[in-house]
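Below are structures written as structure tokens.
Shared between the two complexes below is chain A, which pairs with chain B and chain C, respectively.
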Partner chain A sequence: MALVEIHNLRVRFETDEATIYAVNGIDLMVEPGQSIGIVGESGSGKSVSVTSIPRLLPRTARVEGSVYFNGKDMMRATASELQAIRGHQIGMIFQNPHAYLNPTRTIGKQLMEPLLFHHLAGVKRARAMGMEMLDRVGIVNPKARFDNYPFEFSGGMLQRVLIAMALITGPKLVIADEPTTALDVTVQAQILRLLKEMQRELGMSMIFVTHDLAVASQVSDVIYVMYGGIVVERLPAKQLIRVHRHPYLSGLLASLPRVDEPVGRLPFIPGLPVNTRQPLSGCPFYARCQWHLDQCQSAPPLTLVERDHEAACWLADERRVANGQPS
Partner chain B sequence: MAQFIARRFLYMILAFVVISLVTYFLMKAAPGSFLAMNVGVNGASFGADQFQVSPQVMQSIINHYHLNAPWYVQWWGFVKGFVTLHMGTSFEYPNTPTLQLIEETFPVSLSLALISIAVGLAVAIPFGIIAAVRANSWVDSTTMFAAMTGTAIPSYIIAVFLILIFGVWTHLFPILGYQGAQYYVLPVLSLAIPMIGASSRYLRNSLIENLHSEYVTAIFARGGTLKDAVFGNALRNSLLPLITTIGPLLAGLMMGTVFIEEMFGLPGMGHIFVNAAGRRDYPLIMDSAMLYAVVIMIMNLLVDIIYGVLDPRIRRSGRMG
Partner chain C sequence: MAIAEILSDRTSLVKVEHMTHEFRSGRGKIVACDGLNLMVRKGESLGLVGESGSGKSTAIRLMQRFMRPSQGKIWWQGHDVTRWSERRLKPYRQKMGFVSQDPYGSLFPNRTILGNVIEPLIIHGIAEGPERMRRAEALMDRVGIAAIHQQVFPHELSGGQQQRVAIARAMALGPDLLMLDEAVSSLDVSIQAQIINLLQDLKADLDLTYVFVSHNLAVVRLLCESVAVMYLGRVVEFNRTEALFATPRHPYTKMLIQSIPRLTDEGVSALPEDPGRGLIGENSGTGCAYAARCPLAVERCLAEAPGLRQLPSGGEVACHQAK
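And now, the complex of A and B:
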């Protein structure tokens, strides 16, 4: 049984001015111990998709489809059932650690919360476990750091704390939503290594969201490429460079910064991002795709192109595009 | 912290000088003087004993307060007297030293204002929490409507209502004079009710904002409940800015006490202040204005220090303001 099973997930936001179609029907599966990478440009619905697993979206979100976690139907779970899962079986790491920590509460108090909320330990034991965890994520002198406030930490250190917090209960799944985007490159590499190590060590599953294809292929077994609120391609991380099919992914890969270029530039594909204020019709990448056909006005389904590899593109299916280029 | 307090202290001295100067000139600019008024009313319509001041006493007053000297000598005389607590006597109460007058009446005014703030906060905080937790529900709208209505009505109108309801119709509380704690009930309510509205609304909005912030999402992600989010985290962060509103609030309340004391016949400083202004009792005007200014500034300083102690970002870095 898969640990996470998402089927036809759709998320809309009803705001005062407009309806925002953030996620337009995605399927996603995470096996126990597996690591999934989700890549895609800003606004493609990555965060919304993963936040709907522990059902943490704001009340304005209309969520449809099915989400199963560890066999539990998350769409029908009660508030207390969800609460019992969050922070215990699902740990979350966010992009901006400064924003996701209470500025007026000590690191230690916040770190102990998952244990205390779930009655997994008393305060004394939680304190000891917290220090141990800080030590494991590489915080020097955890005893002294325990009673520090978030503003007394650097961004990289805080992200370590957030990792410690997410893993302290030994969850089955950790969701990391762009955990390194706010950090500089060297710190980013350290955090990635730490996360990967901890994941292996604890045998957890991981969903790793990122803009960065290189990072995704480094930490995950399977990569989901999202665009316009759908999954346009799913493939094993090892194959990423070799056999990608969707023109969007090809575009991303082609625009990856080279070694001789200044680092930190994001992949750039000409054209505007998808308008999320309309329901999706047809292929979301249609307007920006240089190979689009009339056929693309109707949505191409995600179809198997080879073992473990799916793409949502009419051309990919007919094998007229190899590595994103028409043959 | 020490540096902060020192700097604030300098500002306070500066502000004090400015306030005393402004008060002095406004007072002098007002038409009429105690001496002229006294002559006009002497033994006639007022008939009050204090007003029948003999020419000798009058002359000694003029000498004591340098009333024929240039303005800066007069002004400095008032300030020096106040600061050194040698205020002497006023025109109106030549037999009671002003210091004694203040000692007898000012505690009434100050305690009235402080108790009103305490009561106001004690009601506003639960109101704000309930409204925020049930944001946009009928509980929220009802609470906030009540709060807004309270704010929109000035204290003295509320005082009239309270006097009618509790004093005249039900006789639950005394409405005039001061002979015990129960005499404080209606004055305190009159001052607290308008404040409850503003404060509970402030707390509600700030709590809602906190509850929508990312760190609260993170608390839910750790398995926390709404209760954990509010009481462990968000409430404290919303109360911090509420504390900063107490300083200005107190200034308003101190002024409010002036009316309220009159209405309920409380023997506070307000009564004396108003009379002093009406009768051009220069020393008393100066002394009471300077006293109110100093007290309000000290309260503001205290509030800021409390804020600094409660907010770790300021406490730890030692920087404020």
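And now, the complex of A and C:
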């Protein structure tokens, strides 16, 4: 049984001015121990999709579809059931650790909180576990650091604390939403390594949300590429470069500045990102796609193109769109 | 660009000599820039790379004389402007544009796009009425903002378009030099590529020179002729861009290049091995700032800070162990 099963998830936000169509029907599956990367640009619906698993979306969100976590129907779960799952069976790590830690409480107090809240340990035991966890995530001298406040840590160190906090209860699933975006590349590499090691060690599943294709393929087994609130391609991370089919993904890969290519102009995707204020009709990439057909005005379904590889493009079957060139 | 050369030069666009800047607070002082020697010549765009806290943003702000350095000198086109008043600096500012990381924050939210681009022309009293409009429209056209967008307000544009406007404004006075502080970092990949292309075109067509601050080495590589790698306020390596990427000498530069997750035709680069710890915790402040993290560190590195030295193969490195 899959740990996470999402079917036809749709999320829209209704505000006074407009309705934002953030997620327009996605399916997602996470097996136990598996690591999923969700890649997309801003506004592609990647964060909203994963935030709907622990049901943490704001009240303005209208959510449809089904979300199952560990066999539990999250859409029908009561508030207290959800509370028992959040921070216990699902750990979350966000982009900006400063915003998610209470500046007036010590790191140690906040680190013990998930254990105390879920009655997993007494104060004494929680303290010991907290220190052990700080040591595991690479905080030097955890005894002294335990009673420090968040402002006494650097961004990279604070992100380690947030990871420790998310993992201290031994969750089945950790959701990491752009956890390294605000960090330097050297620190990013350390944090990714740490996350990957902890994930293997604890046998957790991980959903890793990022805009960075390279980072996603470093830490994930499977990559979901999102655009305009739908999944346009799902493929094994190892094959990202070789077998991608969707023109959006091809364009994205080509437009990344690389250190191993001759210096020159970068290929780019013309046009503007999807306007999420209108309901989706047809392929979301239609207006920016250089190969679009009349057929593309009706939405292409996500179809299997080869083993473990799906793409939502009418052209995916007929021709391979590789490196920006149809062949 | 050897240090001796920097010290004797009088013709560069911008030059800094032994530039040091300290921020003081109740909790002590932070040395953001520590004795920097840098020079920007026409046509020789300079990339400043390093992690947060390395002093690259402070350096670019000092170079524009937004603040005065605690020590050292700043030269613009052969003039020592270290102590100049704002009034005296003003005519020289025309030759220098600035683009920041946050395009929305850098534009006036209560003025139209056109109003934003015209502002520098008004401040410097350049052109009038319809001529001003024409110039601003030409600039917008150059950076790819459609005419229908010129009367809208910044919040109505996407991040990429806002950054185009910020670039148009920075170029309004016809500068020789554009200072860009993480100018593409906040943009999505597909949009980032468009802005990088625009910057490449502008550089070629208008003979612009850039000082480009970034933590993204791959982007710096596309826009700069030479690169200075900074670590905790000091330049640890300086070289021509190709040479720096082909043969990084400083252990920090090596680690920095290795840490970039790279997509190649074979696939993605593996996560780098844990660099291990050097002589951590023993850094007395007198030695090399990188010693605590350096895999090559020896006793000497703790005792004596390495200065930049010329390498026979070209380039400069501040490391006792680098060959």
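Just so we're on the same page, the second predicted complex is superposed on the first by the 311 of 327 C-alpha atoms of A that agree within 3 Å, B and C clash if a C-alpha of one lies under 4 Å from a C-alpha of the other, contacts with A are read in each partner's own complex, and residues count from 1 in each chain.
Note that in this section contacts are C-beta pairs under 8 Å (C-beta built on N, C-alpha and C of every residue); 3 or more make two chains touch, one makes a residue touch a chain.
Small disclaimer: the values here were computed from a predicted structure and weren't measured.
On the superposed chain A, the positions of chain B and chain C stay apart, so the two partners fit side by side.
Chain B and chain C, viewed from the C-alpha centre of chain A in the overlaid structures, lie at an angle of 70 degrees when rounded to the nearest 10. Put chain B and chain C next to each other and count what each touches on chain A; the higher total goes to C.
Once the two complexes are overlaid on the shared chain, A:2 sits clear of chain B and of chain C alike. Of the two partner chains, neither chain B nor chain C is touched by A:202.
Contacts of A:99 after superposition on the shared chain: chain B is touched, whereas chain C is not. No C-alpha atom of chain B lies closer than 6 Å to one of chain C in the superposed arrangement. Residues 41-42, 140, 154-155, 184-190, 192-193, 196, 211-215, 217-219, 237-238, 240-242, 251-253, 255-260, 263-269, 272-273 of chain A are the ones touching chain C in the complex. Note for the complex: chain B touches chain A at residues 212-215, 217-225, 228, 232-233, 236-237, 240, 311-313, 316-317. Of all the residues in chain A, the ones that touch chain B in their complex are 54, 56, 58, 83-88, 90, 92, 94, 96, 99-106, 113-114, 117-118, 149, 151-152, 165. Those residues of chain C lying in contact with chain A across their complex are 51-53, 158-160, 188-194, 196-197, 200, 215-219, 221-222, 245, 255-272, 274, 280-281.
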